[in-house]
Amino acid sequence: MKIRFLLIFIYFICSLSFTYGQSRKIIYIPDIPGYKTLKCDFHMHTVFSDGTVWPTVRVNEAWRDGLDAISITDHIEYRPHSKDIVSDHNRSYEIAEPLADNLNILLIKGAEITRSMPPGHLNCLFIKNANLLERENVMDAIREARDQGAFILWNHPGWKAQQPDTTLWWDQHTELLNKDLLHGIEVFNEKEYYPEAIDWAVGKKLTMFSNSDVHSPVSMLYDTDNSTRPLTLVFSRSRTKGGIREALFSRRTAAFFNNTLAGPAELLEALFFASVKLNNPQGPLKNGETKYITIENNSDIEYQLELVQPGIGFDVTENTVLRAHRVTALELRGNSEQVASNGELKIYYKVNNALVSSDANLIITLRISNN
Amino acid sequence: MKIRFLLIFIYFICSLSFTYGQSRKIIYIPDIPGYKTLKCDFHMHTVFSDGTVWPTVRVNEAWRDGLDAISITDHIEYRPHSKDIVSDHNRSYEIAEPLADNLNILLIKGAEITRSMPPGHLNCLFIKNANLLERENVMDAIREARDQGAFILWNHPGWKAQQPDTTLWWDQHTELLNKDLLHGIEVFNEKEYYPEAIDWAVGKKLTMFSNSDVHSPVSMLYDTDNSTRPLTLVFSRSRTKGGIREALFSRRTAAFFNNTLAGPAELLEALFFASVKLNNPQGPLKNGETKYITIENNSDIEYQLELVQPGIGFDVTENTVLRAHRVTALELRGNSEQVASNGELKIYYKVNNALVSSDANLIITLRISNN
Amino acid sequence: MKIRFLLIFIYFICSLSFTYGQSRKIIYIPDIPGYKTLKCDFHMHTVFSDGTVWPTVRVNEAWRDGLDAISITDHIEYRPHSKDIVSDHNRSYEIAEPLADNLNILLIKGAEITRSMPPGHLNCLFIKNANLLERENVMDAIREARDQGAFILWNHPGWKAQQPDTTLWWDQHTELLNKDLLHGIEVFNEKEYYPEAIDWAVGKKLTMFSNSDVHSPVSMLYDTDNSTRPLTLVFSRSRTKGGIREALFSRRTAAFFNNTLAGPAELLEALFFASVKLNNPQGPLKNGETKYITIENNSDIEYQLELVQPGIGFDVTENTVLRAHRVTALELRGNSEQVASNGELKIYYKVNNALVSSDANLIITLRISNN
Amino acid sequence: MKIRFLLIFIYFICSLSFTYGQSRKIIYIPDIPGYKTLKCDFHMHTVFSDGTVWPTVRVNEAWRDGLDAISITDHIEYRPHSKDIVSDHNRSYEIAEPLADNLNILLIKGAEITRSMPPGHLNCLFIKNANLLERENVMDAIREARDQGAFILWNHPGWKAQQPDTTLWWDQHTELLNKDLLHGIEVFNEKEYYPEAIDWAVGKKLTMFSNSDVHSPVSMLYDTDNSTRPLTLVFSRSRTKGGIREALFSRRTAAFFNNTLAGPAELLEALFFASVKLNNPQGPLKNGETKYITIENNSDIEYQLELVQPGIGFDVTENTVLRAHRVTALELRGNSEQVASNGELKIYYKVNNALVSSDANLIITLRISNN
């Protein structure tokens, strides 16, 4: 028996895709000189693999959460809902794309090659046809992705399920790297952090990522009102898919999660100085006198500073936190007669939540004009 | 080509259903004498009709949000994802049930008969086989539900798409009522409120509901951290499906949304007095003197009070708000010599956010011992 | 017996004034073309009249709350703590000034002439010697203030204690106005709003104020984490006392409280357009098609928009709220063939929380390029 | 010249003391068997020593913050505002007392003897006349307090200004202890924590305190909306001053700050079990099966649990956090055939935020009925 209910359903049609009336969060992470800072998440699932949401939800969430770009990366080899859901590997992208276009979210076509270790799970971004990645031999699948122009990253390299004791770099990863079949690595995945991944990224010239790998609705995993979901910050020449692709292959990213940054020192330094503004009262600091320098942090990132060497001719606050969207005062106190004649005072802080390797932090220099 | 990936996926299995590590909100809405106050939502959708989440998400959300019972009510006649999703009308219940059992969420089997007006959309709760509700003639479908033992409610009776100008009660609703095929009505749906529905509930002896009708993830629609999603409060003899069924047919519910209650006066009054505790300083109020009575509100409901008649022998705060989980002070000031000899002072407040009809509010009497 | 405890107290000295380690809120209310937007509160009390805090608290609060300028305006005629506190009318300013200098808060010397109605309570800003304002005759006191160069404003003109039934403009206020002894009026005071004051400000060319009149610690009165205390927004040529004085006498202020603005239309309009940024997708709107315009609101002010006339050739969202620090989407839908050839689409919104008189709102025009 | 302004000021009188309309927070820290759990702060200052608020502010803050009892402990020897404020040492109590009575806050009369180290600063609670404590010789002052019946505690024993390198116990403290002139010690002061103080309290039988020592308005120091100020939890037979005195001398307190408890194990254990409720699904745990035990935490204290020894016959969640006012699930998984026949399963957790000495934590045993 076929039943027809044409008329009454036209009311549904508009509301199908976009939860209208919702608003979009603005993530205050500033651009840096020469580049736009795009907020991206390149790893997530839908009901078309083992996720629990329809593909349009991922786009709506990205819009709500203030993201610029996402990639839906359903598993090629693992589709536990296949008894109920019958569609090919390109279908989740197909469903999400029109809404992404309307909402101006850059939707990067992707898929996750999902194998035992090695090589583990690999995300392939900028692919053209996900169906062709369904191959018996994993190297065939990866080569197919690469032939389609994919950027390939190693997901959750320290995931306990696949690396129970030690987070190892396997021979097969060296092989992938040598054959230009591996370009990036996740430093943060879901709520996990892999210190080894930063060092491999630095040593083997891989691009750093911070991705959610979300299967459920985003808000079941993160409290996005009060912080952000994991973000891969892409420093891109333009807000386009091509811009992102160029930036990824050029390793211009920072991984950001739980108020911690990981990335190349020069990018993190640029981001720090784009985030803050120093306000310096007039007149030189004198011996025995106190002066307050205020630092205005207009970003969503809270910077945690620790003094790494004493000031020359002055004492200064040793530990401070530059809270997001607040002004913090540094107290300088002259401790020598010479200080008044220094034209510039330099303060060297370690940024405890900005990692440039697994055991080294960004060092920044605050230069205080002292005239 | 068939590919087998057995081993590596055993890691996924545990995490498939329950987002472990999450915690469950406690909704502080107290029991009333003789009954447990169950927090319920009897209207929601999944990918198996026009929703955007997998059925287990609804159970996880209910657990997280502190609910006792839900019903997944996918449309019988409207299944826009049917190109991708091939399953019958019982499938969403089947998928959600094991998780509901594990998490001790009472999952009521339901479905939504979805027709043009009249009779509009009707939820059938406590059905046995949803497939049998797929009938050409709407009366046949409703009768089938009733034959299965269903409690039937009229959804969003004032939905603009079906009642563009006036919220009308149609002849067919009278017919349903007379034939014992209609038992309840939504006063709140999603974010809408239908004043007419309260009056019909009172006049025609229907049970009042407040349901989300959520299609997306719950947190895209409501900010459940800071308030609650719509709740049908069921005053039940026990925390069981049978208890709920008995309470619904006995009309022991209150609709709650956006800090507004609607329901029978005696239930709302019991709920008010179960929520608050009066603290009364010793000694009688005297003419010209001031005494502070404090009211401790241990519930999540903020009660908005407005004095409806002057105190006899005393002045008292005219407007106040009993904020949730806070103590509020009422100021009593004696204005006659007789007041000191009244053994009990009575204060009559209207509760502005507790509706007993579309234009009448709950009136409560605070009795202050004055010895 | 005199006891000397010199040594141990040097530890106290530093911490006496500035609660170091605290941070300062940034109020995101933007500058407008040609002027800096200074956030000010020109009415508050200390223990030196009937307040309950030491004068330095007012400066620390101003720093914490992100203010640019304040005035401590202790009552001349009402000093209930005089049994315990023996000092003259200049003392609260004297105590607060050094801290204000250190923290770069502009502290305007002020006092409140405190009489029965008429003329009620008058704040005198930019005075030089508060002691000389202690005069039997109120006109003598006001003239003395004016002779010192004061800007004089009428405080809480609708305060029930002095205007129990109607908020009246008295003959004495006309006299003051005519003699250049009255320049401003409070539209908002503490948590009250006086609609008449806006109309008098417009009709009689008075400057509008929004002041706290706080007696207790600020945070006992307002939840400054989640909103702001009352602010007089001063559109000033510079962040200096002189700049503020010039702006006040030139009537370049807006009163802001509880997310409501009151002020001259041209200033409110400039503030609105400095707060928001329109993002307009390329390509003309066509008949029957939908286009989303997004509006990015980077200010702390939530703007509430209501359409005042239909679009020409298109339908558009009728009511929307531009939430602070969020992006909101407007939905445009072409409803005529001509719309595609209009080079610019105009949308006329009333801003429901921006008052230009007691019964008129700011109207803004959004101009959407349509090429 | 004397000016009289009688009439107009009657309007002020009512509002002088109590910020009416404010509400009082309820601190959810439960009573324990046999005792009421009173929330107290026994160390704070006003303008009558080096504080910056009027004494009534301390009472209003206590009411707002949900406290039961406070003591204003102005310095005897340090009064930097004495040029402006001329009153004796009893005056701050005198001013605060009527408001405390009205608001039902227990105001304990106190003072702080303020000397260099040793003995440092000592709070004297339950004194009768603070003026008599102004003595040249510190032992005379302490003896005077004791003669008045005072309970005496050592404040901030590890304050860097007085104990720059090591937190030392001095001979004079032993002398005080031996002469019954020292009864308690602060474990938490303002935002500091002194581990040595817990061990001294345990070893020398001193009562533990957590006090604010606040000089500014409370809300400049703590974010009391989202957490609590430091609390000395007093387990008292009654909510009376006498009850508190008996409890202090009997060492029935716990220090609470920043979600950390310090106190005697038996009191902390009683508090833990009064805070939580276990919900245990029916039926025994079987080998290879999983069971969820949920724990409902109805208190404001977040308990951080860490497993201290493996379960016998089952695996169980190793680390978990019992968030305040939420339900948390423990996962039990049978790992032996015998487990099903154990009538009771025992789980041993260390509570990481409950200290019984500087290096030992409370251990609690969860007993799960397994029938």
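For clarity, chains are labelled A, B, C and D in written order, and residue numbers in each chain start from 1.
Following the convention adopted for this analysis, a residue touches a chain if its C-beta (ideal position, glycine included) is under 8 Å from a C-beta of that chain, and two chains touch if they have at least 3 such contacts.
Computed from a prediction, not measured in an experiment: that's the story for all the values here.
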Graph distance between chain B and chain C, where chains that touch are linked: 2
Inter-chain centre distance, chain A versus chain C - centres from mean C-alpha coordinates, in Å: 40
Centre distance in Å when chain A and chain D are each reduced to the mean of their C-alpha atoms: 42
Residue numbers of chain C (touch at least two other chains): none
Category of the chain touch graph - line, ring, star, complete, other: ring
Contact pairs between chains, per stated definition: A-B, A-C, B-D, C-D
Chain B-touching residues of chain A, taken from the complex the two chains share: 1, 3, 5, 7-9, 11-12, 16, 19, 22, 47, 50-54, 56-57, 60-61, 64, 77-78, 80-81, 83-87, 91, 95, 114-116, 134, 136, 161-162, 216-221, 223, 225
Of chain A, residues touching chain C in the complex: 20, 23-26, 28, 66, 102-104, 281, 292, 294, 296, 298, 323, 325-329, 331
